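In what follows, chain A forms one complex with chain B and a second complex with chain C.
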Partner chain A sequence: MNPTRQSHYPGYMVGVFLIPAVIIAVVLVAALTSLFQYSFRETIPGSLKVGDFTLGNFGRMSAWIYLKVFLESLMLAGWTALFNLLLGYPLALALVRSRSRTLKAAILIATVIPMFSGDIVRTYSWLIVLGKNGFINGSLGSLGLIASPFEFLYTPLGVTLALVQYSMPVMVLILAAAISHINPDYEKAASSLGASPWRVFVHITLPLSRPGIISGSVTIFAWTLSAFATPQLIGGGKVNMIANLVYQLGFSNFDFPFAATLSMTALALTLLILAAMRLWLRRFETVETH
Partner chain B sequence: MDRFLDYILKTLVALTLIYVTLPSVVVVITAFGDKALMMFPPDAWSTRWFVRAIQYEDFRLGIVNGLIITSWTTWIAVVIGTCSAFAIERFSFPGKSILEAILASPLVIPHFTMGVGFLILASGLSLSRSYGVAIACHVVLVLPFVMRSVYVSLKNIDPALERAAASLGARPMTVFLRINLPLLAPGVAGGALMAAILSFNEFTATLFVTGQNTQTLPVAMYTYIREYADPTMAALSAMMIAATTLFLIVVNRWLGLEKILAIDSSHHR
Partner chain C sequence: MTLSKSKRNFLSSTTAAAALSAAPAVVRAQSRDPLRISIWGGSWRDFNAEFIGKRFTAQTGVPVQYITGGTIDRLNKAKLSKNNPETDLVFTTSHVGWLYVSDDLFEPLDMSRVPNAAHLFKEGAISPFHVGAWSYVYTIAYRPDLVPSEIKFNSWADLWNPRLKGMIGLPDFDPSHIIYAAAMLSGAKAASDWAMGQAKLRELRPNIRAFYNSDATSQEKIGSGETPVQVLLSGNAYHMMSQGVKINLVVPKEGAIVGIDTMAINKGSKRVDLAYQFMNIAWSPEVQSDIANRQRMGPMSTRATVNPDVAKLPGMFTNSRQWQEEAIVIDHKQRAELLGAWRKWFTENMISR
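What follows is the complex of A and B.
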């Protein structure tokens, strides 16, 4: 489908088109490089200057207070990915297979708008839902179901609830893309052979959507590791993820070198997870896709 | 049995949809509450928080800064994104896959990491937290989306049109300017709108790279939440949700969001 390649594009044209891209690429690499080299610098307490090169920051990271944050982040990411999968799959299925245009539109809207609304708006809304006088406590209270308000804010549960909803759009989109690639002929063949819709789902649709399940879950997991606004506002300092720690170190302690170390580690972790996912998904490339 | 399962599925979908849209709905309703507490449901109604939101000085400054940063980001990202998408799609050159990977990497790099990186880069270059740093950061962040949008349009261009122009004697650059570019208009416009929305609403990276003078609206909102707990924020959020929705409706009209997000279910004819 590529009609025009290489041969008759003049050199100057290639240059003109590529130079801006290269500039941006250089800027991006420069930012990451600065981060990288800062993670090896020594912090000078009480000053924004940095000292010599050292590996001390990485050693410092093994302290329990920091490891704890990594572990808690991994745990929250895990729960978020799991619940996202369980709740997002039906939505994705409906989005692709439903015959109702209104349902499809509703799902698409509900999914896409949050993606573009920005972290702060989305997270703030949860403060009202989860607060002592908020939606959940207010409704349960007025229905007489609970005696005193339930604590959602500043707990891992509250943060998870918000995180799941936060990344649901991504999960739904990835799953929907995978499901839409399944040739419906397989499902039709199965049901023409007498399989009930449930069997068709379990034995045909679900297995064929495995690449999407893996891709979606791992992507959400990696994404959630980088969450900032949600744990910052809803965690309120009690539930800290990596990003919050980095922010604290940078802006409360002015310890940017160590913040850089943590950021680099988180980045490496994220890339490792995504690379592992890529390898895992290679196995499925032999499955027929369109 | 299957009816039962079908019913369960439908209920699950409905409940999940409610769960996903709940916060936005709650926020909008709270915005119209009268009391200065964040309570739900409000027991008295008023629109005064909307007035306060519009009048609050920090929010105004935030909007102005946001518009400055976003407009620069948008047009820079659109120009670079269009050229890059075209170049990557059509040209062959050494290092192409590396360039592609670098330009797409912001999709996997945490925003806070980008923020810290740009902050350190800026201080290393002795730049203060000026608009420039924020704009550079935003361009990097929104570029993948602009490129995706242009790719979609690019793939839909009938190559015969380009060949026809070339056979009539047009040089490749002329073909680009007079055939490709007009046909890419939906993709470019869609990309521009997405870049604008994403840049204006961006919070995490912006928090790191902006200061008191350059803070955008989301950052100003964050500061506000930490000090006050009244429905002003709810009013502001409601307005932002409305604006974002409007923008997305326009983008959808122009380009079809399904295609950009790759969930086109019309793969099978």
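What follows is the complex of A and C.
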């Protein structure tokens, strides 16, 4: 046995440590079980009570309007993950590799502080920035660059922008953790052999940070797939994601069974994506081991 | 081991003395227990606390605790806590009140215990379980500084003007108003004929810029000019006007869709007497006058004294003639029964498109 893996705590103490996690897991499983059985029940119009067993809710899922919301949600989550990667990677690289402690601190503060403002506050500030008379359109208009305001609000672009800003701190932190695990000696060795900084980045840093890229992208994708507040406020009912549809059906239409069906389907989709990520990451781990 | 008689006497007399001395404290503690009221948040809670809650506490010594939330969220919570209600008195809309009634969530009202209820407009009598507290209209509101001056809103049909493309905001939580208006314009005579207006509603889609999901987002959207035309609750329009936002509120020639907010007592409430006292204060001429003059909501009491300049505002019904001629009252029970189907259709055909 590897001595470094040997626990210093007796078994019963490890069991005690696990109690909070077990309690949370039991509550979660109970809630999911309830949701699962709801998804197979008939709706009684105007009532929270549910009817008999049915598979009809899953049949309703094939209607184009519901498939469209799923596809749009996948697309918005995909774009959000991609833009997060493109914008977050340089920040994470600068955060880890910069020699300036001031710059590192500035990046860290700029990255982390938005996480403390809450998604409603952040989203409302985007309403001010993206509005017809908001900061962007106001600035462009006053400079004479546009004749009529751009339509950001209630569009997929506006929702994506807000989601990118909302999830960027998580992406930067995941990428920074991955980049910090790359031994800088590899990059130094390449440089000392005459590789340009760009070549070092493309052939050393980028490939070795692939696990972070994959886990960051998938985390953001899965996270934003269940976004609610941002599409609710910025989408204005014109851009709906899965959670908004679930809310509409469950809390406005009293159609809890079908809302549960959509929720279970979205959960299954997310689990599938996470499983695919796990498989993909294992491939890289295997390559690195060899 | 047994206690001697003297010890038992001492203990029992001490216990009795302690119980007697604690009794007033228990009574005081009970009277300090608040009357719990379920109501919307924001200005709704605030004016209720200011006009009714303060007077109630002054008269009874009982504080009021407001538990706030959206109309449907509060209905769902009431259903989930059916046998042990978390509030004593509920404010809700007339038609959603019928959903509470159908789930047996309200106490039947004994109006003889509410003397001020003898002076209500007959339109306030919604059911034996819930009665109107004030009224308002959902009607057309627009920003005159953002809508071309040549566009007029004399009829609900004017919302279909192609020049309003991408300008209109509608509520997503209750589409009754626009569904009923479209049905009316399509020749329907009653809410049950609403399907006649479906094609007309689809034609409105290009003009819809966004849907709002609460009073707050409604006010934000018209205040910022993102949706310069809205089907808007009159009380919210007057609130925005008081904040300096230029809004014109119009009652189309067909009339405006009336909304009545009602009061009811939660079934199983242990403070029924206090709830009746609260209702009586809410329907007093003083409170009803405040609701009209300060909050710009239609009074439900015929004894409210409404300032003449307030009385002539759109959506203020201060006499029986106005109720007859200017108000479109959708049958509340029928509206409740149709609400689920309306929402489903609206979600599938107007919102998720």
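Basically, the second predicted complex is superposed on the first by the 263 of 290 C-alpha atoms of A that agree within 3 Å, B and C clash if a C-alpha of one lies under 4 Å from a C-alpha of the other, contacts with A are read in each partner's own complex, and residues count from 1 in each chain.
Note that contacts are C-beta pairs under 8 Å (C-beta built on N, C-alpha and C of every residue); 3 or more make two chains touch, one makes a residue touch a chain.
What you see is a predicted model; the values in this text were computed from it and never measured.
With the two structures aligned on chain A, chain B clashes with chain C. By the touch criterion defined above, A:25 reaches chain B but does not reach chain C.
In the superposed model, A:127 lies in contact with both chain B and chain C. When the two structures are aligned on the shared chain, A:168 is found in touch with chain B, with no touch to chain C. Look at A:268: by the touch rule set out above, it reaches neither chain B nor chain C.
More residues of chain A lie in contact with B than with the other chain of the pair chain B and chain C. When the two structures are aligned on the shared chain, A:75 is found in touch with neither chain B nor chain C. Within the superposed three-chain model, A:246 lies in touch with chain B and out of touch with chain C [touch as defined at top]. In the superposition on chain A, contact of A:146 is made with neither chain B nor chain C. Within the superposed three-chain model, A:233 lies in touch with chain B and with chain C [touch as defined at top]. Once the two complexes are laid over each other on the shared chain, residue contacts for A:55 go to neither chain B nor chain C.
Chain A residues in contact with chain B (one complex) as well as with chain C (other complex) are 48, 127, 131, 133, 233. Taken together, the chain C residues at the contact with chain A in this complex read 72-73, 76, 79-80, 99, 102-103, 166, 172-173, 208-213, 217, 220-221, 224-226, 336-337, 339-341, 343-344, 347-348, 351-353.
Remark: chain B residues 1-2, 5-6, 9, 12-13, 16-17, 19-24, 26-27, 30, 37-41, 79-80, 83-84, 86-93, 99, 102-103, 105-106, 108-114, 116-121, 123-124, 136-137, 139-140, 143, 155, 159, 162-163, 166, 171-173, 176, 194, 197-198, 200-204, 207-208, 218, 221-222, 225, 233-234, 237, 240-241, 244-245, 247-248, 257-258, 261-265, 267-268 touch chain A in the complex. If you check the complex, the residues on chain A that touch chain C are 45-48, 63, 65-66, 68-69, 127, 131-133, 151, 153-154, 232-233, 236-238, 240, 245, 248-249, 251-255. Remark: chain A residues 1-6, 8-10, 13-14, 16-18, 20-25, 27-32, 34-35, 38, 48, 87-88, 90-91, 93-96, 103, 106-114, 116-122, 124-129, 131, 133-135, 138, 165, 168, 173, 176-177, 180-181, 183-185, 196-198, 222, 225-226, 228-229, 233, 243, 246-247, 250, 256, 259-260, 263-264, 266-267, 270-271, 274, 290 touch chain B in the complex.
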